[in-house]
Amino acid sequence: MKNSFGSNLTVTLFGESHGPAVGAVLDGLCPGLPVDEAAIAAQLAKRSPQTEADTARREPDRFEIISGVFEGHTTGTPLCLLIRNEEARSGDYTYGPARPSHADYPAFIKYHGFEDYRGGGHFSGRVTAAIAAAGGILLPALEKKGIRIGTHILRCAGTEDEPFAENAAALTAQLDQLNAKSFPVLNDAAGKAMTAQILAAREEKDSVGGITETVISGLPAGLGEPWFDSAEGLLAHAVYSLGGVKGVEFGLGFGFAAEKGSRANDPYRLDGAGNIVTESNHNGGILGGITTGMPVLFRCAVKPPSSIAQPQNTVDFLRGEETVLTLSGRHDPTILRRICPVLDSLAVLVSADLLTGRFGCDWFIKE
Amino acid sequence: MKNSFGSNLTVTLFGESHGPAVGAVLDGLCPGLPVDEAAIAAQLAKRSPQTEADTARREPDRFEIISGVFEGHTTGTPLCLLIRNEEARSGDYTYGPARPSHADYPAFIKYHGFEDYRGGGHFSGRVTAAIAAAGGILLPALEKKGIRIGTHILRCAGTEDEPFAENAAALTAQLDQLNAKSFPVLNDAAGKAMTAQILAAREEKDSVGGITETVISGLPAGLGEPWFDSAEGLLAHAVYSLGGVKGVEFGLGFGFAAEKGSRANDPYRLDGAGNIVTESNHNGGILGGITTGMPVLFRCAVKPPSSIAQPQNTVDFLRGEETVLTLSGRHDPTILRRICPVLDSLAVLVSADLLTGRFGCDWFIKE
Amino acid sequence: MKNSFGSNLTVTLFGESHGPAVGAVLDGLCPGLPVDEAAIAAQLAKRSPQTEADTARREPDRFEIISGVFEGHTTGTPLCLLIRNEEARSGDYTYGPARPSHADYPAFIKYHGFEDYRGGGHFSGRVTAAIAAAGGILLPALEKKGIRIGTHILRCAGTEDEPFAENAAALTAQLDQLNAKSFPVLNDAAGKAMTAQILAAREEKDSVGGITETVISGLPAGLGEPWFDSAEGLLAHAVYSLGGVKGVEFGLGFGFAAEKGSRANDPYRLDGAGNIVTESNHNGGILGGITTGMPVLFRCAVKPPSSIAQPQNTVDFLRGEETVLTLSGRHDPTILRRICPVLDSLAVLVSADLLTGRFGCDWFIKE
Amino acid sequence: MKNSFGSNLTVTLFGESHGPAVGAVLDGLCPGLPVDEAAIAAQLAKRSPQTEADTARREPDRFEIISGVFEGHTTGTPLCLLIRNEEARSGDYTYGPARPSHADYPAFIKYHGFEDYRGGGHFSGRVTAAIAAAGGILLPALEKKGIRIGTHILRCAGTEDEPFAENAAALTAQLDQLNAKSFPVLNDAAGKAMTAQILAAREEKDSVGGITETVISGLPAGLGEPWFDSAEGLLAHAVYSLGGVKGVEFGLGFGFAAEKGSRANDPYRLDGAGNIVTESNHNGGILGGITTGMPVLFRCAVKPPSSIAQPQNTVDFLRGEETVLTLSGRHDPTILRRICPVLDSLAVLVSADLLTGRFGCDWFIKE
């Protein structure tokens, strides 16, 4: 399938920005998981525009569960959820001149002009609301198994946040804090500086990029396949669905390029409880594609949003003429803040898929 | 499937480093493709140890086509190829103390100690010989369709190679040159400096990392899916099978983090022939997951090989005891050179899969 | 995926009998197909209870297209359609005593008691409304390509209908007639006898089984795979989703058991236009799993509905006690009439999947 | 994938009748299964020509395990096995005149004339040697879990064998007996009559069809999916790979057509040990696509082999001319005997796939 992901636990996405709704079907869920509507709503709320640094578009993001839940628990049959589009203003969009660095032109080639071009259609970030919600269904089940997931903005414009802590207890504390923040950084001073830069970019009718960092702690060792379903490959595949992501790295990532084996290797040792751990975690919790039991750590390069209010050279592909396009509408000067819960949800889905494949579909409700 | 990749054209890998053979099954091939055994051999030769900077282990890499080829052409049925392991020395390997940053320990957890641990078993780089060969089957078919693929070492230790040219003719010339070189760099002086650093690392019983850069030119616009089978997602998924790859980025990649939309966007224009092209190619030929017709460009962070001849702290996981391990055996001080044809072959396989899905399985033999 | 079918064109089903809705997601559709809401409604109408021989439950079957359609055409992105459940009366169902020959007990084991047991939940024939509608989306596109599909009741209780004609023009006339009938038989006298038997069975608080026959004419030769995705295997796989189907045969089917090769083989000849055809079509248009260009012909054994109003011995699986169950509620004394459009739609989906895989996703809109 | 089957445990087939070898790759195997080469050889031996009623072609069927086995146990990585073709005589085959009711003509359309036509190529029954062997790898693991599988010839020409016993102990005894017989029937007198009819058919340069019956006992309840991966759908899909199978039915199968619900339903009761069982097993151990814990029972209609030594009308599709073809070569007058172990192996593979998906990949080595 094309718009689906996951071998054992599969998510299928559908919907267009200005159609009736976006949504997802989750198949392969363990029966008997409590479905916490508040957890779903919380994921949606994190993703929704809310701070001064976000788009002025306000989406209520009311979701409806169509199937697969009965008396508050998953049934184990496909769970379809819908999020209606209540706030779409089609008037803001036109067809013909390709918005630079958006999917308009390749979509036109792919779909022969039949695509719903309004607001990016099926390419719209709006579809990520369905991802966020899907993650919200499984997040409590993972937490119950001791698996914690969180994402912060590591870099925005010129400002850097603190990294995730290596110490397990400190990391847990960081994740608890992140969960409560509307702007997901570990260091609030860095967050303020980032916000200022985002607002300045909007003032200049421009947009800014940055880097996110995601951690999955508590994932058992032994998940993933050597060829080709490595834990890295599955996570990168999922994350590259997001049009704004242009780089994914694990552990030291591109930092390995300047390293030597003697410093980059992660020596093993026994921890106090006799567990096998690594002293460093340069490999981001994955070796040979298989999880090691150390926290899985990846960073994403997020490009500045392509929608900017400055005039841009482009081509009207219906007429085959060069033209200049100035976008109006309500745009985010960065997607860094809003992409974090979406990355969390993707990490949830990939983790749950790997766990289901390894331990069977009932693992989540076993003691 | 776990050890398979591709929706329409699927490759399945099998084999262990010290077992009878490694190999691949290709399914979904267009019938009627000329099978050029020299092209397969050439891919294998590029990957085989040959320069002074490589491991001393010499593998003849004779391949045998078991099925799917008749009278010099693909039949369209599954093509199985085998590469016998003729040069394995099992004596160099022991079981128990995990080699740091190798897959030994997660493999032990995953396979409960039943894995073939000799030389990394199924995790061995040896399996990439099958990938290289599989790519060699399809490479001529892609070239006949005007699709060119090549990889060079962009950075090794501290030395940087020239980047790929933006100009199409210049890029073609670069790819022609690369094809003829035993050390895949565009600037030979840079290549010499890199080789010196590699040899120095070996002298120090150490290893070095770096960055590769791969280009796919001539790929038509419109390939890939928005969710989840983006062109980026498929390429990254494939490439992350290689245990040494810890980062993948497209176009500016992590460079986007410091950019603003006004500079990072790729404006469209018409070229002399009236085709829609972009002035810059910061997005590496992919927007919203769909190819734009511009060259697809990605870079991989390649970690220094984990096998180094220095003593390393580790744990004997059979006994649960900390220990010190000093590896003997014949190891590469870097995999940068040998990974290039493997990346080319993975790019071949992903491209062919996307083309097959879009145009049907007979596209390759249509005029 | 579990609740999905199709490699290139995929349908995913969701929904429970007494939940908010049932529905389907179609992925891999050709962009630019006109979506004829009347054709969808017609498929739903054929499946809905309407004759005196059907259940008294009346379902309005209003459908809503949530995504993947824009300005009356498919966009090529996932098409989600919903059919709300407006007529469910939960009071008719209880949990605990397994209805004999329904899925209640195996579902209880599979889902650990978390299944939505009302009206069969996800196992309900209600879900086939989504299949019928999904077929309605593609039926006009297939007809435009000269592919005709139809199903009649070949046998019901003791009465046999005429078989499909071997002559192409006669077959087309039969399919046209079938399309216009509320009770899908070729011989109306047979239909009347069948209806009488169905009504008699209801009178006896019983139900009757039978055999359906489906034809797909105009399908090009060369579709299907030798191992394992044979045209027969895909059709049988799809059709066995229907809980009431317990046998599937192609061409002579079980009649081959009494045959010799000399009589059973289908000799080739040239027709008037020089096309290669077979004199007989004992193999039902499929050889070695691949379509031959002759009409694809298959029959399904349909069991009598398990819901009968007589007392039946069973076990209350919550209490682990034997008990006697007498079902109330509104039940069909046979599903033979209503299964026909569902079989048509499944044949549509499998045909479209095979055609998409072979000719690429744009084939349907090519001239 | 096309030539693969199974979601969790996947088998991929390759090879042509007159190429170097046929083979299979099994992926998703539990690590740590003892690989009993004798069990593999036994499956191959059952399938190999050996009685007077079989083809005169004698195949040694030596297999080689290429990967995925180490020190006598599965490693959990892909297991590739090869069976060399040592006995092929290409001279017996020509290209052009389509053998009636073989795949020659549809294969020519599908593969554009590039197919290996010798002996049916990839369509050859020779490929089923790889299926038989693949089943032999897993058969002991299933038996250790209390799952028994067997197939007998239920009908051949006019002669009927006894059916499988409903009583569990009696069924086990039958399976033990079947295992030891070279001609798989329960009633030896019936077997002798069948053999006489087979030999008579050969004498008449003809071939005969029949019906097989397969049982899988001991399979736990709760396996399979409602839409579309029903236990019936998966088994039928697998079995329809065999070109000679033209009908598949479960339980009463086509016998349901003449039944009423009141007689056809399977009432539940508690057995002596308090387990929930059904009094009859008309549904063949599957309800709503899910296993019930009762024996899974299916029958296959097997057509008479298409290769007969009588002159047959056909078309030379290279020249587009009608012609008469008289086949020489060594052919089976029936495949009924030799298909039984192949059906067993397919049942093994589907069962193992379902079990792996449900309980995780390590289930087979858990106590």
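Per-chain residue numbering starts at 1, and chain names A, B, C and D are given in the order in which the chains are listed.
Here is the rule we go by: a residue touches a chain if its C-beta (ideal position, glycine included) is under 8 Å from a C-beta of that chain, and two chains touch if they have at least 3 such contacts.
Only a predicted model underlies this, so the values are computations on that prediction, with no experimental measurement involved.
When the contact pairs of B-D are matched by residue number against B-C, A-C or C-D, over half are shared only with A-C. In this structure, the chain pairs A-D and A-B differ in their number of contacting C-beta pairs, and the larger number is found at A-B.
Averaging C-alpha coordinates per chain places the centre of subunit A 45 Å away from that of subunit D.
Subunit A and subunit C have centres, each the mean of its CA atoms, that are 39 Å apart. Between the CA-based centres of subunit A and subunit B the separation comes to 26 Å, rounded to the whole angstrom. Each of the following residues of subunit B touches two or more other chains: 2-4, 7, 13, 77, 110, 122, 226, 362. On subunit D, the positions that touch subunit A within their shared complex are 7-8, 77, 226, 357-363.
Contact residues on subunit A toward subunit C in their complex (touch as defined above): 1-4, 10, 12-16, 19-23, 25, 27-28, 31-32, 64-68, 70, 73-80, 82, 110-116, 121-122, 362, 365.
Residues of subunit A touching subunit B in their complex: 2-5, 7, 13, 98, 100-103, 105-107, 109-110, 120, 122-123, 127, 155, 157-158, 201, 204-211, 220-230, 232-234, 236-241, 243, 245-262, 264-270, 274, 276, 278-279, 282-284, 286-293, 301-308, 310, 312-315, 317, 320-322.
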